[in-house]
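So that you can tell them apart, the chains are marked A, B, C and D in the order they are listed, and the count of residues begins at 1 in each.
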């Protein structure tokens, strides 16, 4: 994975099964995506000021083992695809100490204007496209 | 109370205490407020089209007894105050069958434009003000 | 689809994109699953009293078009697979009036005891298994 | 305030008013309470292992100014009362850089066993009581 951060499981992330409610892991995907862009130097909130949004087109998650209240988890992501009008991410959520794998996931995002109309990102927001392309490239280099 | 509706407690409303997470009752307050306006003939979503919003200025709740997963609860509200720039509601949440009291609450709302600037409602949106005033008046009559 | 219900999009289901936050559609999947079992005569909350749980093993969703605040949506599901230790569902979320397709989805569930240990459902909880098998069979008949 | 931490406003904390949905600030209250106990040396998750819980009996919040997506906020709390069967907290949420006040709040908590029966904390869990009493005392000293 290209970027990792630690999150503490909150009380309100759990349900009566005494573990994290499955849907909330997908929120963690969102958090790590956001922090990845910030850490790389171009926060998503700044991108939004350029009349740009990146709505989720699809998401998938496999729940391997449950995380519990107050557990420190490591949430990781990497870009797996960059196309003219969309991009994709992979995710992992693990126990921060033991590395036990809790969840894997994937999401696909479109590039749109604020009013959710698809845009050709490279033409409309060349700086954002260049930033994402550079991120994706540096990930590929790391893996070589 | 002036208006009541039934809601089913969802799995994701619970936490690892095996009962409804306290914050989620305050979401139920919001739901009943919305349905009260709709039932009375002027949905809040239509009000928003008039460059109007009603943000929550304060909220308070007393949690008496816990509601549990899959319980059918009756959520009720009434208007307790109408002023030129704000209004207030009382709430109750009860078991739908036994009437056992789970939660009581209160909220205060400001009248603003879409950009959250306070507005004198009676002047700016006279139809909305007339609607709310009529609701409040009919509540008072019922209680006589 | 085998079962459908209407849900009203709540204010707290939206995010600053002015549409439903994608993760919340997956909560709707959970709601329709629950109501399907109830409508068919064996509520999930009763199943839990038999030392049974049905945790989500995986979930996937495709977000086609956004649903908006206060929209009435029809959420549907059907069972697509029943195995000795797991079952699967398909989902659809549509505008209740126009039928416009918002979201499709899929989930896979394991059969476990309350402490999340996998169980052979047919042997451990024959009544629950028979109920689900009958549901699945009657769905197949409808489609013929 | 006795303890403060920074939190990043997440996308899913916002609603279509383009600011934080009011209910989510009350989740922040929970987070800071949890981290206060951890920082002081006795995590709440460890307390739960002693057959102890601290359910919320009441909560109140005043929403002064809205926090927005991606804003870094400072969430603070202090203990305002310790009684044999309950305790109370005050809260503040501010912009982390400017100090602008967004929200103030208050919560009251009961001391119970895991099955939510009230317990005399000092007798049943003397170590937890001593810990909380010491926290409360050291807060009072700081203020002198």
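One rule holds in what follows: contacts are C-beta pairs under 8 Å (C-beta built on N, C-alpha and C of every residue); 3 or more make two chains touch, one makes a residue touch a chain.
Remember, predicted model here, so these are calculated numbers, not experimental data.
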item	value
Superposing rotation of subunit A relative to subunit D, computed on C-alpha atoms, to nearest 5°	180
Distance between chain centroids, defined by C-alpha means - subunit A, subunit D (Å)	29
Centroid spacing, where centroids are CA-atom means, of subunit A and subunit B in whole angstrom	35
Rounded Å distance between subunit A and subunit C, as computed from the means of their C-alpha atoms	25
Junction residues of subunit A - those touching two or more other chains	11-12, 19, 23, 27, 30, 69
Overall pattern in which the protein chains touch one another (line/ring/star/complete/other)	complete
Contact set on subunit A toward subunit C in their complex	17, 19, 22-23, 26-27, 30, 53, 55-63, 66, 116
Residues of subunit D that touch subunit C when the two form their complex	11-12, 14-16, 18-19, 21, 23, 69
Subunit D to subunit A touching residues, read off their complex	10-12, 27, 30-31, 34, 43-45, 48, 69-70
